[in-house]
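Take a look at these structures.
Here come two complexes built around subunit A, the first alongside subunit B, the second alongside subunit C.
Up next, the complex of A and B:
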């Protein structure tokens, strides 16, 4: 049968035809656009509106940015160079960048804050990336004293004597720890306090007179610009986490009195604007301290910002604690761990992991809130931008300064949020 | 066997009988009490120390602690006056004006932030690539730059980039009013205001004295909302009983809008348009630059956070929910309204409350652009003029605390109503 059929058909194709390309509307950019941009009338309208917005933004800002002047001495010179055309005058940044970054810090010492910033990253590295050797943490512990000395200067023995207090406390704890744990804790708190109150000053004075070492002292009112935002932000961030943890634990505690105190503190701080706390620091603190005492405004601001962030931190961590299954607490009890061991080894690692996004958001919020210090007369970048505008050379310049300051903040905050995403991914232990 | 007693009962009996002071520290039953008493002691000591310092400092400065300054004449002007105020009014009244300005800004700011945030949050989830990228850029830029900078930027946009009132003058002006009604100038935005030909007078309510016309309008609107709620409850009852939901939309519109329109016509409501007179616009409502900078700055800044909250809330609802709804034959709109949103709201509400609180507290940045809120009046000029930092700041903190607690209280009530009822 098939043989006869084979003779009747002139040609039988023995190979497959090459698959044809899909129609042009179903591939590549066109398909993508049809699916993603023009899938319905609503989407088409949205796409066209977005394009219009982008076009308008580019048309307004593009030429202005491209036609910018970087080397002029004043806004009038800028305008002369631009000659009526629209253009940015970034000369104000080239002229004043050092003020926006360092305030009135003595220019010959600019290397000190820069070095402090570089060392800050070195100190942060072992905290942020667990792959690095743990020995580096020793430097992290020393960094507050190194950083202080680099920034403020003065006698090198002052930070050394302050650090010795912690060493004394640690030694006391280790010595007495074998005898009695409770006694050791008391000693660990009491020894540094006694050292700072009675011995540190004499130690500092004695060594300074024998061996006057140290960098030149820079007064706090010379600090300004982004430097001050970083100082307040970094100290606030590193202090608010431990205080926040303690407040959160206090709020979760069974001890009714401690719990009440923590709730009142947290709710009070969260209920008032940061700016009123800053005003308290600058105006009212003198009322609450013994007559005649006065201490550094930057330090007061750091304390207030830290307290403010701690209350928020406490609520974030409380959320993490509440999200932990009760079985975790019971398991820790069943293993016979005491309260602090259970917290340190079982509860906190999990609770903190859950609250990472909230913690980093609080950090970012704290860093952004450092701009509020302009209201109590500290010269942060915004305060300096006002000061720069008060100069007749740069009177009337807005956008360039805002762009520069905004960009600086954006880089830091965006970096922090990206790091938190990295950390979340790394610590994620569920369904991979 | 009976001669060797169980060591546990023996020791506990022993513990009951003899009390040793060291047990205050080492016995779990007493330790927490010891710690708390110690903490109470420390707290009272520090409180006493602080109060003693305050008393000493006040005595050294030769001052007393009193709120008498609130009844003294203020002597400064406030540009945005929702209630009657002159520079001869008292500091207390200035604080009240500031308080009302704070509330106005907080409410309008929350409304703007919610609208912007919900829109942006939904659009960021859109399948449209270009829209979702654009919204992502908005969210990231606004979230990562301090709100104070945004307020200053919006202030600069209003003051620097908008046309001067004089450019509206002439036969062929450089700028013209939007819809012949709204004038956007570098001194602020002028919008038409609603005026009444029949004035019912003011309600004699102490220092505030609100206009009776507006109270009437507000009352009618609220009554309409309640009546509408009753109508919807009735419709639900009918649906539960018969399975058919009666059509309510036209009744709702009638109940909500007809009485308001009637009352407006009865009172002779008309619009007063802003007009260029002399060097400036007159008539209508003047939204000052300070207000606009605060409103837009806070609204768009907080809106970016709300966008993330809304996006997170919608993403938190598992895909199975919408698939189940589709399987039941619900249309996408009804799926959103009846299945996704009620569940997403539960996730959204608590962080939304804290964003509203943040916005309210951030209204205290008004001084940066000269918005006369509570912080600028009571906490700024009044404190500077009278030198009563302590009293002024205490009052200021108390008021902000009260506002915050009220908002969080109200929102918690709402939250508990939409919360998952676990059985």
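Up next, the complex of A and C:
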């Protein structure tokens, strides 16, 4: 036995073998490729075909993009530099980027829209990220007036007197809230309107004459380019969500008059193309207004775009409301919450969470729809691309402008999309 | 209660608008201190903003002349870019005071759309451009061709008329803008690109190889382009019309932006004196002062100078005067006498 044992000892290992690397076909890039790209003959063929298509696209566009000219003064100079070879002429962007971004905004005031954009992000931050101190929301509430003053300028007392209307409404609500809730709501609506109609003008004029403060006024027809897309898009987005929520709630309401009004508004606006609303804003409204009234075209467009987006938003949110189990409503009732408290504390947080993809979808759609204003002659980036081509230096430029404009829009739309994914992950409370 | 307020507000609006309607266009422009001119969204040479946002071009120049005549300042104009779909509604609704935007004078537009065409500042016509490789030398050889055509314009209708009259067939490739048309044509999506000859010339000048393309000799339509005002304000129509005539007459009489100040002091030619306001008192007859024409000419030059500086053969657009020469030079420009 001992012999046998001695013999086995000779070839039985006394130590563990070092763990070997897995075979090369089962690890790293090769494994990933086998599993994801070449996992069967059909997938292999599809992979190869896709690679071929990507290669063909790159071979067609790549040299043109790489061989681009950035510093020429005109298309003819570009062609001279390229000397017959195929290449992009991005010099038009070098020459006119400021126009594509700001339109004809006076160059010495470019800091104003830039500052307004930076402050916009500051104002949005507490809304987007709950970790930030809630005190910042005060700035968010003030931002519309600050932003307006930065962009348009004029007397500083105009936005101040407009803001005071809201303050007056809030004060009226607080004072009467102790007496009667319904009365307080009416007062909160009526007081600002009365202030704006009767007192705001005089207040503005009085303070402007006593203390003329403010940035230089910039007319609306100087606005253009991406600035106009952002103004219309941001105002439309931030106004359409609250209005959409109210419309959605109105549509669910038991009050027959309110419900009918909301249904008619939603269905009418959804049934009409945006282009029609824009034409109405730019042309039809002028027939009803007294001639000489300078009702700003950008303002008219913002109103129409907001109405349009609100109708869609209302339906998206109604979808979220419909997806909530009835038990949630009943639970709210059982807790003895009144209508608004139930909405604020129980229904809306859940309904809005469900609707996030739809809401962001509407936002992105709205932002891209702002390019439709080109049809009513506002010089948004697309409209400016026409104007730039009308310059004999750049007549004949085509793709370069669209690539630049597309990139600008992509940055913002992609940002919104990523944020909505972050929000969905953060709010995810179920265990599906 | 609410209803009464609404009705009251509506009545007040109607009243205010009624009162304001009573104000003539001239009074509106003067009280505003600014002329609002409906312009192109961008057409090379005729009207487009330059790199600094200053509007330039042939039609734009006319608006500046009008502003100089009415307000004494050629920069007191605000240009509203209008598309071919919105231009007439914008004029009719009072959004603009005058439309100077490559608009063809037609019966329906003049009568049915209630426009007043005050004259013609550019005589255009529709032509065809083809690649030299196609080997076509006349539009009559275009049977069966694919044609790039901008929708919603008179050129679309003219094209159908021309091919029907000559018993030919064609396949339209509808496009929306001139830039798109150029791309389609250069990419070979259509054999023929048709639009006004002036636009064809400026398109061809922008191509990498202009020599590879020919503009066929046939001009298949009449396109008298001119400034337009609303029906119903004859005083304003007269002012716009005679400002145009003043520019044309100034060229005929040899008045230029360079010598207008000198000639204003008085000259031996009584017609020049009446034009420039030293005799006759013409301007006060339609509510302006007598220097109106002198100011317009000083601002942009006479018709020939304006043409040469914006679209003439020394510019990249490179248009010859052709039909747009004075009647004494074999063209169609013919201003009625200033007396």
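Here is the rule we use: the second predicted complex is superposed on the first by the 391 of 432 C-alpha atoms of A that agree within 3 Å, B and C clash if a C-alpha of one lies under 4 Å from a C-alpha of the other, contacts with A are read in each partner's own complex, and residues count from 1 in each chain.
Here is the rule we use: a contact is a pair of C-beta atoms (placed from the backbone, for glycine too) under 8 Å apart; a residue touches a chain by one contact, two chains touch by 3 or more.
What you see is a predicted model; the values in this text were computed from it and never measured.
Visitor: With everything superposed onto subunit A, say whether subunit B and subunit C fit together or clash.
Guide: Verdict on subunit A: clash between subunit B and subunit C.
Visitor: One more residue to check, A:424. First (subunit B), second (subunit C), both or neither?
Guide: neither
Visitor: Of the partners subunit B and subunit C, which touch A:77 in the superposed model: first, second, both, neither?
Guide: Touch partners of A:77: none, neither subunit B nor subunit C.
Visitor: Taking the superposition on A as described, I'd like to know which of subunit B and subunit C A:369 touches: first, second, both or neither.
Guide: So A:369 only meets subunit B here.
Visitor: After the superposition on A, what does A:279 contact: first (subunit B), second (subunit C), both or neither?
Guide: In the superposed model, A:279 contacts both subunit B and subunit C.
Visitor: Return first, second, both or neither, reflecting whether A:51 touches subunit B, subunit C, both chains, or no partner chain.
Guide: first
Visitor: Between 23-31, 41-49, 95-103 or 185-193, which subunit C stretch has C-alpha clashes with subunit B?
Guide: With the two structures superposed, the offending stretch of subunit C is 185-193.
Visitor: Taking the stated contact definition, name every residue in subunit A that is touched by subunit B in one complex and by subunit C in the other, in rising order.
Guide: Touching subunit B in the first complex and subunit C in the second, residues 279, 283-284, 286-291, 374-375, 398 of subunit A appear in both lists.
Visitor: Could you please specify the touching residues of subunit A with respect to subunit C in the complex?
Guide: Residues of subunit A touching subunit C: 75, 79, 95-96, 99, 103-104, 219, 221-222, 279, 282-284, 286-292, 374-379, 383, 385-392, 395-396, 398.
Visitor: Which part of subunit B faces subunit A closely enough to touch in the complex?
Guide: Checking each residue of subunit B against subunit A gives 25, 32, 35-36, 39-40, 43, 50, 53-54, 56-58, 60, 123, 126-131, 134, 140-141, 143-149, 152-153, 156, 160, 357, 361-362, 364-365, 367-368, 375, 379, 383, 389-390, 393, 396-397, 400-401, 404-405.
Visitor: In their complex, what parts of subunit A are in touch with subunit B?
Guide: 35-37, 39, 43, 46-47, 50-51, 53-54, 182, 254-258, 261, 267-268, 270-276, 279-280, 283-284, 286-291, 364, 368-369, 371-372, 374-375, 382, 398-399, 402, 405-406, 409-410, 413-414, 417
Visitor: Over in the complex, which subunit C residues touch subunit A? Could you list them?
Guide: Contacts found on subunit C: 13, 16-17, 19-21, 23, 28, 32, 40-45, 47-53, 78-83, 85-86, 89-90, 93-95, 177-179, 182-183, 202-203, 205-208, 315-317.
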